[in-house]
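The structure's right below; bear with me while I get my questions together.
For clarity, chains are labelled A, B, C and D in written order, and residue numbers in each chain start from 1.
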Amino acid sequence: MVCVAHLREKPELTNPVLIEGLPGIGFVANIAVLHLIRELKANRFAEIYCSSFQDFAVTVEKGQTRHPVNELYYHKGKAGERDLIILYGNTQALTTTGQYELCGRILDISKELGCRFVITLGGFKREQEVNTPKLYVAATDKETVSKLLNVGAEIIKGQIFGVAGLLVGIGRLRGFRGFCLLAETLGLYPDSVASRKVLKVICDMLDLEVNLDSLDETVEVTRNLLENFGLIERPLMKKGKKESQFRWFV
Amino acid sequence: MVCVAHLREKPELTNPVLIEGLPGIGFVANIAVLHLIRELKANRFAEIYCSSFQDFAVTVEKGQTRHPVNELYYHKGKAGERDLIILYGNTQALTTTGQYELCGRILDISKELGCRFVITLGGFKREQEVNTPKLYVAATDKETVSKLLNVGAEIIKGQIFGVAGLLVGIGRLRGFRGFCLLAETLGLYPDSVASRKVLKVICDMLDLEVNLDSLDETVEVTRNLLENFGLIERPLMKKGKKESQFRWFV
Amino acid sequence: MVCVAHLREKPELTNPVLIEGLPGIGFVANIAVLHLIRELKANRFAEIYCSSFQDFAVTVEKGQTRHPVNELYYHKGKAGERDLIILYGNTQALTTTGQYELCGRILDISKELGCRFVITLGGFKREQEVNTPKLYVAATDKETVSKLLNVGAEIIKGQIFGVAGLLVGIGRLRGFRGFCLLAETLGLYPDSVASRKVLKVICDMLDLEVNLDSLDETVEVTRNLLENFGLIERPLMKKGKKESQFRWFV
Amino acid sequence: MVCVAHLREKPELTNPVLIEGLPGIGFVANIAVLHLIRELKANRFAEIYCSSFQDFAVTVEKGQTRHPVNELYYHKGKAGERDLIILYGNTQALTTTGQYELCGRILDISKELGCRFVITLGGFKREQEVNTPKLYVAATDKETVSKLLNVGAEIIKGQIFGVAGLLVGIGRLRGFRGFCLLAETLGLYPDSVASRKVLKVICDMLDLEVNLDSLDETVEVTRNLLENFGLIERPLMKKGKKESQFRWFV
């Protein structure tokens, strides 16, 4: 199977931008993109799962199961806004090969829908707390780098791992332009400050009308989902948690 | 090849339920499902093997070889009983990817036969012996959770690994409903008490007429098979065993 | 690619037996089968290589390269002899998945040529030197076990790893009968005593006229090939060897 | 996806030779081949990427992203020169399986373009610095070995890992002739002396008019690319580098 994509509908979009928001350092992208989905009331149109995701199910409060999955949403822009394809999910692939397969599939679907520009987000890990996180950028081409330098970002030096790097990297080989935007973060918990920072830049660039007042609510939703997936500690239930950390696969 | 399924026949079933019983903690599912097969005289209609199973053959008493394999049986319900597809076997897949491939294939076959509901069973590992094992549940939807809470199960908190989690998790993405039912167990040996507990709930729910008197016989059969596969210790032949634990693959 | 098979010709065979002889403990199978090929002047008709073989080339004395490969030979039996398909090679696959793919491919080709019986050979590792190695057997069915018990073999208890186990194990699932025959060996070097022992049984069973006088020559050829592949130590050139054990892959 | 090849054009070539130049010990091949591309003004006609490459993007000075990739160039020979297919890139595959897939794909494309001869280059690692590096050779056939012995190369004893070994090894199974030519090197940095040595032999053999005066420039270009990819240390910026060596994939 490798990667299976269930498409519920095939949206009609005009020159859409793909925005990535999978879990990563500080969950900067994950929060930012969930906030976009909530505020824009974006429509889920595809679910993707891969054999390189974790092989477990997870339970939420009322005993219902959730599965490692990636989802695609669309937003048809109003009055000058850009059309969007939004990649959201609770996991990246566990293996290098899986990451390639996942990104390949996402770019396939996006290209089919007319998309030629990809934005990936993330956290730039720091050892020390920073009050005003700086932004860092890398892009497929000089023009795009310039635009981001103009809004105050600095250039990323080094390697960009994971989906944030691959979508821009493979994308370039497939004729996409795009950039990766990172905000400084300690990276130890869902970081609303860093998320707000990248989100603001994205909204300005794409003329999106998004209210950031309720961002902290989105952070809470993210924190809850992550706890269920064991991606972050559940601070107030440590005793209860021990018990639930079992594996019963032989 | 990935996963190869040999179908001996394509049974005509009405709204069948898939019940999973592969080896896992305490072999709770493995025993329960073998007992169903024996008591209902279910018919084997498919054998599945995957490149992610162990790469060995195993010998049974008289020198005959057995191979890592999963099998599907069917039971056409009599007088009010639900039709069943029963998944039995001596192994799960060894890798995450393999587990996805295996579960994907099983759901494919089940869906083709009209199945939209999946039940997975297992043991919930405890450090201390429990006299009356409790039951735990997670399900694809609220209604199904409720039904199981009504028969005394509690909600699973955390992650459900292996085929027990995946069949329900991927199943949900493919339009299946279902649940995972676990019984507390030390998990160190084939646990007839825990098996009896889950089996009783399943039989009541599906109106299956199954005599549980001979369950201990089924436990013995299971213990024998597992010893051959090296999944559990052969208590009375330790000296003889050393000798037979060789690998001759370079 | 997974496994690529180059067929040079498609031989016309009558009810042929597949005999496996890949490298393994004591190189028992490898020697036995090479001797069959040499003495019967069997014809190479296929070369198989897999992405799960080692990723290197090897040089032989005059600077020519050799590659990890499996080969199939055929022998059309004369006067009462059984037709043969002989599997020879300088490697097994490196991964579990690879072993399945390799064996699946070999059984595909064999079945296509009318083969329904598979013999695998090997060494049964002992810690102490044995003067007269005993034979051990496991088979797909009782009748075949009996035949081998009649020639003095004992029953294998436990797990048979690698191609020797898989070909018989998967073979059974695909409608092949067959057996695995092992001879006791220290397993530290190409063992001509153990090889002679299994070869004698095979030749008797299949009415093959094979002269075993020159078996030690075959052992020498095997030793040479193995040294080139780094599978065994090159005893007389240790100084020279250090230098050649380099890797230049980054 | 495994390996994806984007062909920009399908060049018309006459009996071309494939020359491999991926990163390896001392970057001997990488430098030599890049120099051929620069001096011959070879045309890039294909880009290949595989799911077994690293899953990251890399940034170059001005913030632009580069991706792990292999590229194919062609050169139509002038006046007696041989037509060439040149394999260049910034990575080999990370896994054994990946190396097979990559080499298989490259041989497919080359065969399709009429190529039946493959040359791979590399460094032969030495512990001590050598002033005048010796050349070592292995080849698919005696005639080719002889030709290289005539220009002063010695025979490689042992195993040739990576693409340098596989292209010649698998190539032979697919009907290619060819050789692997290595020059002694410390292997710790891009080695212009070793590169010059192999390049000179190749140019003589294929009657290529290539000026080697500017080879040191090519070495500098190579060093720069490798630093961006983290394959070699960036000597003058160690302080700055610490900061950029982050991973932000969860």
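By definition in this document, a contact is a pair of C-beta atoms (placed from the backbone, for glycine too) under 8 Å apart; a residue touches a chain by one contact, two chains touch by 3 or more.
Owing to the predicted nature of the structure, the values given are computational and were not obtained by experimental measurement.
Identification of common neighbours of subunit A and subunit B yields an empty set.
Subunit A and subunit C have CA centres that are 51 Å apart.
Each chain gets a centre from the mean of its Cα atoms; for subunit C and subunit D, those two points are 36 Å apart. Viewed as a contact network, the protein chains form a single closed ring in which every chain touches exactly two others. Touching pairs of chains, sorted by label, consist of A-B, A-D, B-C, C-D. On the subunit A side of its complex with subunit D, the touching residues are 23-25, 92, 96-97, 99-101, 104, 122-125, 137-142, 145, 148-149, 155-166, 168-170, 172-174, 180, 182, 187, 231. The touching residues of subunit B, when paired with subunit C in their complex, are 1, 4, 6, 47, 49-59, 62-69, 94, 98, 229-230, 240-241, 243-250.
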